[in-house]
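Both of the next two complexes hold subunit A, though its partner changes from subunit B to subunit C.
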Partner chain A sequence: MTIRALEKVSVGQNGIGAFILQCKRLDIHYCDHSGSSRGMNSFIKTHLSKFAQRHPAIEFAVSPRPRKHPVMIGHYINGRQKAICVANMEPSQILKKAELLRDASGDKVKRVNKPVTSINESVRGVWSPYHGNGMAV
Partner chain B sequence: MRRISRLSKPSGARLASTTARPLAPLCVQRTAKPSSAPAAVQINTLRFYSSRQPDALPRSLGGGKADAAPAAPETNAVEEVLEEERVEVEALDLEQSPQRVFVPPPRPSVAERPDEITDTLYTPATTAEGLDSIGRLGNWWDDPEHWPETSDFVGFTPKQKVQEPVLLEAAVRRALTEALVMKQLGREEQLTERWGLQDKEQHDAVLALDVRVDSEGSATVTGDLHAVADELLVDEIQTNTDITYTLPSAAEALAWKQQADQTWKGASLQDARLKFAVIKRVMQLTGQVVPDQKLADIATARGLLATLQKPPKPKTFSQEIETKKQDLVGLPNVAFSPKRVTRGHKDQALGRFKLIEAEFRKRDLQDGPLSVPKSREQKHWKGEA
Partner chain C sequence: MKRLRLDRLAGQLLAAPISPAARLSRPSSISRSIPQTCRHASLYNTQPCQRRHQSTVVSQAPLEEQKQEEEEYLVQEPEDGEPTPEDTLRSGPLPSPHPSRAASSAKLAALHARLSLSPKIPIETLARALVDPSADAHPKYNNANLAYVGSTVLHYHTSETLITRYPRLPMSILFTAMKGYAGNPALHQVARAWGVESAAAPGEEVDPGLLQYDPMKPTVVMNKWGYVRAETIESEKFKSGKGLSGRVMYSSNPFGESSAAKALPNFEVDDGRNSKTMLLQNAPANAHANFVRAVIGAVYMHCGRDAAKNFIKSHFLSRTLDLSNLFEFKLPTRELARLCARENFEPAVARLESETGRLSRTPVFVVGIYSGRDKLGEAAGPDLDSARVAAAINALKAWYLYSPGQVSVPSDTFAEDAAPWKPAYVDIGEIIS
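What follows is the complex of A and B.
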């Protein structure tokens, strides 16, 4: 019996294609009668079908919430949730909010002061006077 | 009182043949012989002088011993005349007629004014003890003998609207054919009259007539036109026949539609009298009322059919999504719920619900499943069935 190499099951593309969408579920709540849900109801009728088709990785749960403002709640794979009230908004505005929830990572919103963020403080490390060859004065 | 609400709507076309007295039509609308004027007058008096008086009526309504009290000579004369009329009314034998009228309460008696009392022995009462009760009708209208079901108001349109498209199509075809028959026979004056509701044989006979429509939309009917027209003008109220009318079943209407020629839908309704007759007849047969703002747009039978067959508007947005947005509801990654999703639903979806029930069962805290409605649960706790 000859030895066979393991079959290749994936192609490394330097990270491309390994992306996992952080948003796993989107709850969409509306009210049948309230005026603040008019835009949301229109969004469900006109935009949601295409939006859901474009994002098969996200589970969409549409259900009424009587006598309450319309809300979209994003659930993320880090276990956190992000809710946006879309009362009295136009369908196009609600679509933007849905895209915002889709693109969010689920982390808390933090202030970003630096153009580059990294989990390492510095690639070179911290300078120490006790290391290295020293310098003759 | 429950009985009073039945009189909310005034009688429409049916009142046209009755007298113009203010309250009389309510009494005489279903009498046996409304066509004879003297009988109608006599029936009016029945409202105040019924022969059937309850035992426990207040004295003000003629109960007790009020009749034995002395009255003025003029009153006696009036009452004698009214008594004669009452006997005549009873002679009409209304009780045995198939359509009975309601029995109004007796006329209230009015006490003499204290300053007009001639009896010298009269002394005004100072306490209520020993005095007769006065006022009110009691539960007069709750007695089914006084307000029988047969005296209920019957409107021009049926109570239940017909929504089935095939039945609507059959009704429009029937109405159009009947109106064309009347027009062709030169009975245009009778286009606006109330037509009778015939049995199923007549319905089939009308639909069997051949309607030819030319390129300009003018329609002609061929067949036994006189028989249809004569049947139409037979009014069940006048002849006192049974007016129960049943539409054909949807299957029968569908069978008729499949073998019928569809060119009749192009028949023109530009003639205002014809259009009125057709719409009125459709209204009578199906209960469908065409809104005023759509009347002007209806030019053909097809247009009328399109107006009537329009599906009813969904009551809620959820119903609309369920029925009309199948492209959204059918997506694999979309879960649509027409009702509010509660914590219990989420537990069930995750499978946590069974675990909760099992833990309850271990501790003898819950006999039945948690999923029973709250009301049933409460009944169970109270020991009710």
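What follows is the complex of A and C.
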């Protein structure tokens, strides 16, 4: 028993192995009367059923929200939500927004300024001053 | 060699619907056929009868034989076809949603699609996988059976992968690595990454797409690992067998845990009447983990061995666990000396390779460990002794974490046209035990 084991939990990375779509639910709200919902109403009539068929992994919830602007709310696996107001938009624009919500990971928008982020150790290793021939001062 | 027919043993998971009267009289026989995971069947019998239709059904064709058996069973039933008075009189709501509601749940369909499960797995089976034994004690409506099948398949694939990929791991590290990949904390994280939400409280009216468990009720813990010795219970009682060889020999647990609480076949959650060891520490994690195991069991039962293996590979074995961080050495230099003696290497010698600032406040010594002309390990440290110890640790890790690369695992030979099994290299064991 000279070796004791420290307990660690394995870390999963989405897409390595299996991929899980992060958007789990899309709430779609509309109003029957307001002019700002005209595009949304025709989106629900024309595009939504096809869009929902193409994405069985997302739960769609359509509900009226009278006297309010139409809105789409995405719910994500990490517990966050993303809401987009689609007032006065054309159905094709609303489809773009729905695709945006589908593709989002739910995280806050972050600036990515490194080409690669990895949890693996560097293959090349870290430079050491104690190895090699050294530098003459 | 004759193969174990797991599909025969677990056939009740795929049972075709039978008449409710027969079903109500059967739980005791069910509880006998599954190994100790459901002792709440007897508990259920004392409760008022509740009628429901089991509907986790696959296509009828492969089940003809089993159906005939069921019918034979029905013939022997004395009260067959005659609804008993208790049967017609349903008292109170069901403990979990009716299986027929599974087809109309949007959450459940979305979960099925999100996991890319095969259409061979009925949505009702997924609904059943979401019902923990603490929510519904009836073994035909909770996930205990599926979770038992799933946990054995998961532990099998995890252990064969670890042993063939890292043949020299010490047992304690192997146990911990098993836990890191297939233990409750890891499976809890997997369930959360699958986007499973849990219901506030279980009940008939809950959406079947939500995980249902009750932290205050008895549940089932999957910690069995095949055969359990009769001596195990005794050794638990007298606190013997706590060394590593005792853990290997007597532990009934895939993670080598041998404390009295964890070796019990069933945990019960109770409000303090039981001893502290009988209390489940983390009920949500246990319920989530059992759901994940039940999904693996469902994949195994409905889609077969290969699909289950692929599912486990893509969801569990693809996760990252840095095994070199699991080691904690007590006597690394002595262990390295014993290793060199065992393997007939020349005795290990520590040599100072480079140093700087010996008389300063922050000296650095780089020490290498050599066996003859071979360098076994190297490390830097602030003094000579700690640098030597760190170098010995690096040398030992290099030995223990040897990996032959991609090698075949025993389950590869299950395929029909598989090449005959070539024995994999596995180290003889501990250096100092």
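Everything below uses one rule, namely that the second predicted complex is superposed on the first by the 101 of 137 C-alpha atoms of A that agree within 3 Å, B and C clash if a C-alpha of one lies under 4 Å from a C-alpha of the other, contacts with A are read in each partner's own complex, and residues count from 1 in each chain.
We adopt the following convention: a contact is a pair of C-beta atoms (placed from the backbone, for glycine too) under 8 Å apart; a residue touches a chain by one contact, two chains touch by 3 or more.
Nothing here was measured: the structure is a model prediction, and the numbers come from that model.
In the superposition on chain A, A:Pro64 makes contact with subunit B only, not with subunit C. Judged by the touch definition given at the top, the superposed model places A:Ile77 against subunit C, while subunit B stays out of reach.
Contacts of A:Pro56 after superposition: both subunit B and subunit C are touched.
By the document's definition of touching, neither partner reaches A:Val123: not subunit B, not subunit C. Residue contacts after overlaying the shared chain place A:Val112 against neither subunit B nor subunit C.
Counting the residues of subunit A touched by each of subunit B and subunit C gives the higher count for C. In the superposition on chain A, contact of A:Val137 is made with neither subunit B nor subunit C.
Touch criterion met: A:Asp32 reaches subunit B, while subunit C stays clear of it.
With both structures placed on the common chain, the touch criterion links A:Leu48 to subunit B but leaves subunit C unconnected.
Looking at subunit A, you'll find residues 56-61 touch subunit B in one structure and subunit C in the other.
Across the interface of their complex, subunit B is touched by residues 30, 32-33, 37, 41, 44-45, 48-49, 52-53, 55-66 of subunit A. Subunit C meets subunit A in the complex at residues 106-107, 109-110, 112-116, 170, 172-173, 175-176, 179-181, 183, 185-186, 189-190, 192-195, 243-244, 313-322, 325-332, 334-335, 353-354, 356, 364, 366, 380, 431-433.
Chain contact summary for the complex, subunit A toward subunit C: residues 1-14, 16-18, 20-21, 24-25, 56-61, 77, 119-120, 128-131.
If you check the complex, the residues on subunit B that touch subunit A are 316-318, 320-321, 325, 327-328, 331-341.
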